Amino acid sequence: MNRLAVTLPGLNLKNPIMPASGCFGFGEEFAKFYDLSVLGGIMIKAATGEERYGNPTPRVAESGMGMLNAIGLQNPGVEGIIETKLPFLGQFDTEIIANVAGSTPEEYEAVTRLISQNPVIKAIELNISCPNVKSGGLQFGTDPKMAAELTRRVKAVSDKPVYVKLSPNVTSIVEMAQAVEQAGADGLTMINTLVGMRIDVRTGQPILANRIGGLSGPAIKPVAIRMIHDVAQVVEIPIIGMGGVMEVDDVLEMIYAGASAVAVGTANFVNPFICQELIAALPKRMDELGIEHILDIRGNAYGAALHRA
Amino acid sequence: MIELLTVVSTKKVAVNATALICRMPEVKKIEPGRFMHLRVGPLLRRPISIANVEGDLITFLFKEIGQGTKELASLRPGDFVDALGPLGNGFPVNLIDPTSRVVLVGGGIGVPPLYYTMRKLVERGVTCEAILGFDTADSVFYEEEFKKLGPTTITTVDGTAGIQGFVTTALTPERFDTLLACGPEPMLRSLQTVPIQDCFLSIENRMGCGIGACFACVCKTPDGNYVKTCSDGPVFRAEAVIL
Amino acid sequence: MNRLAVTLPGLNLKNPIMPASGCFGFGEEFAKFYDLSVLGGIMIKAATGEERYGNPTPRVAESGMGMLNAIGLQNPGVEGIIETKLPFLGQFDTEIIANVAGSTPEEYEAVTRLISQNPVIKAIELNISCPNVKSGGLQFGTDPKMAAELTRRVKAVSDKPVYVKLSPNVTSIVEMAQAVEQAGADGLTMINTLVGMRIDVRTGQPILANRIGGLSGPAIKPVAIRMIHDVAQVVEIPIIGMGGVMEVDDVLEMIYAGASAVAVGTANFVNPFICQELIAALPKRMDELGIEHILDIRGNAYGAALHRA
Amino acid sequence: MIELLTVVSTKKVAVNATALICRMPEVKKIEPGRFMHLRVGPLLRRPISIANVEGDLITFLFKEIGQGTKELASLRPGDFVDALGPLGNGFPVNLIDPTSRVVLVGGGIGVPPLYYTMRKLVERGVTCEAILGFDTADSVFYEEEFKKLGPTTITTVDGTAGIQGFVTTALTPERFDTLLACGPEPMLRSLQTVPIQDCFLSIENRMGCGIGACFACVCKTPDGNYVKTCSDGPVFRAEAVIL
C-alpha cells in the first residue's frame, strides 16, 4: 500500500501534493528544476475562452508573510493551451487538473467543453473566485445561487469531474460549499486568495496597477484551515486544501482540518523545489507522528476518526 | 540552482548603498547582466544583479529600499544567504565586436550590473566608457572602480558631483555604436530614442518567482506580444520592449 | 496648528494614534511604560453587562505574521469597569473610547447606557464583530439588517457618539458600512479580526481551546487597507482604521486608504512602547514625504484630494 | 525595559537543548524565576526563563520547539536579541528561611529557572537538593552544574539515565519543608498534592504580551477568580492556582 496515495473523483494521486493553479504556469519552468512525475497532480494556470494579456504591471506586492497578486488571468486561451501546453504536460506521470475561468457562463461552458475532452486533463477546477478580473471571477464565487447555477451548467458540459474553487471573501463559506455540492460539484478546492490592497506611501497610490489583488501565502493559512475545517464537516465531497502551505506540517494541518489533498501556491515562487521537497518529507514526518496512511488523519481535528471507527 | 552563499563582507559604499561580498559554494562562470534571487526575511525573494564575480566571490551592490534590502545590508560575515540563480539573460558581451565603441549607461541602482559587464568587455579587449547617473554626491558609488576600467563620467541631478543633469545630458551617441544600460524606467525610456546602432536595456520590473512562472514581470512588445523580464530578460534590445 | 490633530465626532485627538480595544487592557500595564497622555485616544477592552472569565486556555496561537486569539471578552463587567478602571483612565489627557459587547441587543443597550454616561468616556465603539464568543458578537456583525437595528437601538440610549466596529468576515463590507451609517452610526472602526484556526500536528487538535480565533497583525493589513479604501469612498462618516499596523508607514497607508485615525492592536504586545514611538515618528516621516497635515493625505489613494480641492 | 542583548555564545547542551549566553547593556540584579520575553523572527515574543545571571552575562537554556526557539538556537556571537524584561515574579528566594530544607523539582524545559534559583539559595546558605526529570539520557542537561550546588537526582522516563520514572518517583517529601518546581503541567498538577509545608510552582502558559495586558495566560484560582501567569506569576503557591 502506498501510504501517500489518495483517490479522488477522476484523480489517482500518488501523493496528496500538487502545485496550485497560477503558481506553476504550465509546468515548463519547473520541469527544469525537477521531474514533474513526482507530483500527485498539477493544477494548471487558468484557461479562458480567448487569449488574455491580463492586468498592467506592477502585478505583485508584498506584506507580512503574504503576497498580493493581480496577474489577471493572463493565458494563451483554451485553444492555445490545448495546442501548446497540454502535449508537454502529457509526458509526465501525474494528474493534470485544468483551471477554468471566464466572464460569462457561456465562456465557462465553452472552455470546459473543449478542455475536458482532452485526454491529458483528468479533472476541471472551476475558478469562480479570482479577485483580479473586472467581470466574471469573484461575482460567481460570492453568491451561492450564481455559483450553483454555474456549477450545474459546467457539470452538464464537462467530460471530467468538476471541482469548484471557493473564494474566502464570503460571509458563509459553508453556504457556498453546500450550494455547489447540491449543484453537482464532484469536489471543492479552497481557498482562493483574500482580496487585499497595499498603498505606496511615496505616491499615496495603490502599489498594484489593478489597485486590488489577491492575498496568498502564510498570512492566510489560518483562514484556510478554519474554512476547510468548517466545510469538511458538512459536505460529502472531497476538499483539496490550499492557502499558505510552506512546510510539511502545513500539509498535515490541512488534512487534519479535513482536506484530502493539498495544493501549494505561493511557496513555489519562494522555493521552486518546494513540492518535491514536501513529498519527500512527508513519510518521515508521518513516521515521527505515528501516522500510517496520510488519510488516517483526515478531519481528525473535528473528530472524523471517530466517525470512521 | 539554490545555494547558500556565505557572507564575506558588507560595506557601505554610499549613503544607503551597500556592497555585499559572498562566497559561493563553488567557482562558477556567470555572464554579466544576470541576477540572483535572494531570500532574506520577507516572503518573496529579492532580485539583485550580479555586480561582480571573481573566483568563488560574488558581489552585490544595492540600495536600501525596504525590509528586504535592509536585512541584506545588516548581514554579517559568516551569515548565510539563500540564493536562487543565476537567473535571466544578461548583456551579450560575447557577441559584441571587439572593435566596437561601447558606452555603458547606468542610473542609481542600475549601475551594479554594468560594473561586471564593463569588466568582462574590457577583458575581451573592447574599449568602453561609462556614464553613471546619481541623485546627489552622497549617493555616488563605484566611481573609482569604473575609472580603472575606462573613462567614466558621473552625473548628478543636483550637480553636487560630476555633470549636473541626467545621464542623457552627458551622452554623445555619435561617438558610440553600442549602448548598454540599466536604470530607472524613465531613463531607459529616453534611451530608447537615442540614435545608435545597438542598444541593450536591462529592465528592473517587480518580480514574483524570477523563473518565468508567475507572470508578474511581463513587459509588452511592439508586435502586440509580451516578454517576461525574469526569464526572457532582464536584458532586451531597446526596440524589443515597450516601456 | 497641530499637524497631527484630528477632530472626530466626540473625539478631539491630539494625534491620530490610539491603541485598539483588547490590546491595551485598561491602560494600567502600559502606564508603567510611558505616559498615556501622549496618546490620541485609548480604546479600552470590551465591556459586557456582567463580569466574564472568557474562554479556556490556550487562548493564543500564531502563524505567519499573524496572531490568533480567543480571549472571549474577559472583562470585569460594565459596573466593574466604571468603578475600578475608569477613574484611573480619567487621570490622563487623552480620549477614552468604550468598547461595548453583549449577547443580546438588551445587553448592548444596558452597557451603553451605563458607560456612555460616564464623563471619562468620549465615545462608544460598538463591537459587533468579535469572533470569539458563542452568542452575540459576530452574528450582529455579518448581517446588515441586524447590524443596523442594533446600531439604532444603541444610538438611542447612548449619551456619546457611537462608532460601529466592522467585521472583515463578510462578503460585502460596503453593504455593512452603509447599513450602519444609515442607522445613525457616527463613525466606523475597522477591521476586527478575521476568523482563523491553527491545528497542532502533534495532537491533531486545534491549538486554541476555543478552536477558532481572531487573526490579527501584519498578516491582515492588506485586507484592512482594501476594506477601508472601499468603504471610505461610499460613507460620509469617519473611519478609524486598524489591522496590522506596526510601523509609521502603515499608519500613513491607512490614512491614504481613507482612515481619519488609526488604532494599533497586536503591535502593543510585541513592543509595549509602539504607540508612543509611532506618534514620535510621524512628524519626521511626514516631513520626508512632504505632508503638511496628517489629514491632507486622507483618502488620496482613491483621489479624495481632488474632491477636497 | 526593552534592551538589545548581545550574543556571547550558543552551545548545544543536549539533544535539542541550547544554552545561550548574552551580554546585557548593564549589570542588573535579577530575581530567580523571572523571565525575558525575546523577539526573534516570529511576530510574538517568546518567554524564556532566566537560567543564570553573572555580572552582565545572562544565560538562557531552551529546547528547540518551533520557529522561535530554532531561530534563538541559530544565533551567533555578536548578534543582537531584542529582550523585554525581566518580567514576572520569581521564586521567593529571599523569604525562604535559611534553615529550611529545600527541594527543587524540574521537568524538561522547566529545569532552567531552577538552576539560577538554586544558586541564589545556596549563596544565602540554604541547603538544597534538586530532582531533575527528563525523557531520556540524550535530553539531560546541566546535571554537572546542579551537582556543584548540591545533591542532584536525575530521572528519565525510559530509565536511560538516573532513576527510571517521573520526578515524583524520586521525591521523598517528608525530607523537605519547601518545594520549588517548574515543568510541564501534568508534573505540576501532581506536585500540588504532595504533602509539604511550602510549595511554589512556576507555570509556563502560552503568552501573548507577557506584561498583563492581553489575558492570554490566565489561570483560574480556587476562589473563583483568576491570575495572569505573566504578571501575577509565573511563580505561584501550589494551592493558589487550579491547573
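By letter and in written order, the chains are A, B, C and D; residue numbering begins at 1 in each of them.
The criterion applied here is as follows: a residue touches a chain if its C-beta (ideal position, glycine included) is under 8 Å from a C-beta of that chain, and two chains touch if they have at least 3 such contacts.
Here is each chain with its UniProt name: A, C = Dihydroorotate dehydrogenase.
Computed from a prediction, not measured in an experiment: that's the story for all the values here.
Visitor: Among the chains, which one keeps its Cα centre farthest from the Cα centre of chain C?
Guide: B
Visitor: Just how far, in Å, is the C-alpha centre of chain B from the one of chain A?
Guide: Using C-alpha averages as centres, the distance is 36 Å.
Visitor: CA centre of chain A versus CA centre of chain C: separation in Å?
Guide: Between these chains, centre-to-centre, one finds 34 Å.
Visitor: Cα centroid separation between chain B and chain D, in whole Å?
Guide: 52
Visitor: Any idea how many Å lie between the Cα centroids of chain A and chain D?
Guide: Roughly 45 Å separates the two chain centres.
Visitor: Can you tell me which residues of chain C touch two or more of the remaining chains?
Guide: Correct list: 61, 64-66, 217-218.
Visitor: Scan chain B for residues touching two or more other chains and write them down.
Guide: Touching at least two other chains: 43.
Visitor: Based on which chains are in contact, what kind of graph results: line, ring, star, complete or other?
Guide: If you draw each chain as a dot and join those that touch, you get a single closed ring.
Visitor: Judged by the touch rule stated earlier, which pairs of chains are there in contact?
Guide: A-B, A-C, B-D, C-D
Visitor: Hey, which residues of chain C end up touching chain D in the complex?
Guide: 22-25, 28-30, 32-33, 53-54, 57-62, 65-67, 69, 71, 74, 217-218, 266, 268-273
Visitor: If we count contacts the way the header does, which residues on chain D are in touch with chain C in the complex?
Guide: Per the stated touch rule, the residues are 1-2, 39, 42-45, 84, 205-220, 226, 231.
Visitor: Which residues of chain D touch chain B in the complex?
Guide: Contact set of chain D toward chain B: 41, 76, 78-79.
Visitor: In the complex, go through chain C and note every residue touching chain A.
Guide: 61, 63-66, 68, 142, 169-172, 194-199, 201-202, 204-206, 211-213, 215, 217-223, 225-226, 229, 244, 246, 249, 252-253, 256-257, 289, 297, 300-301
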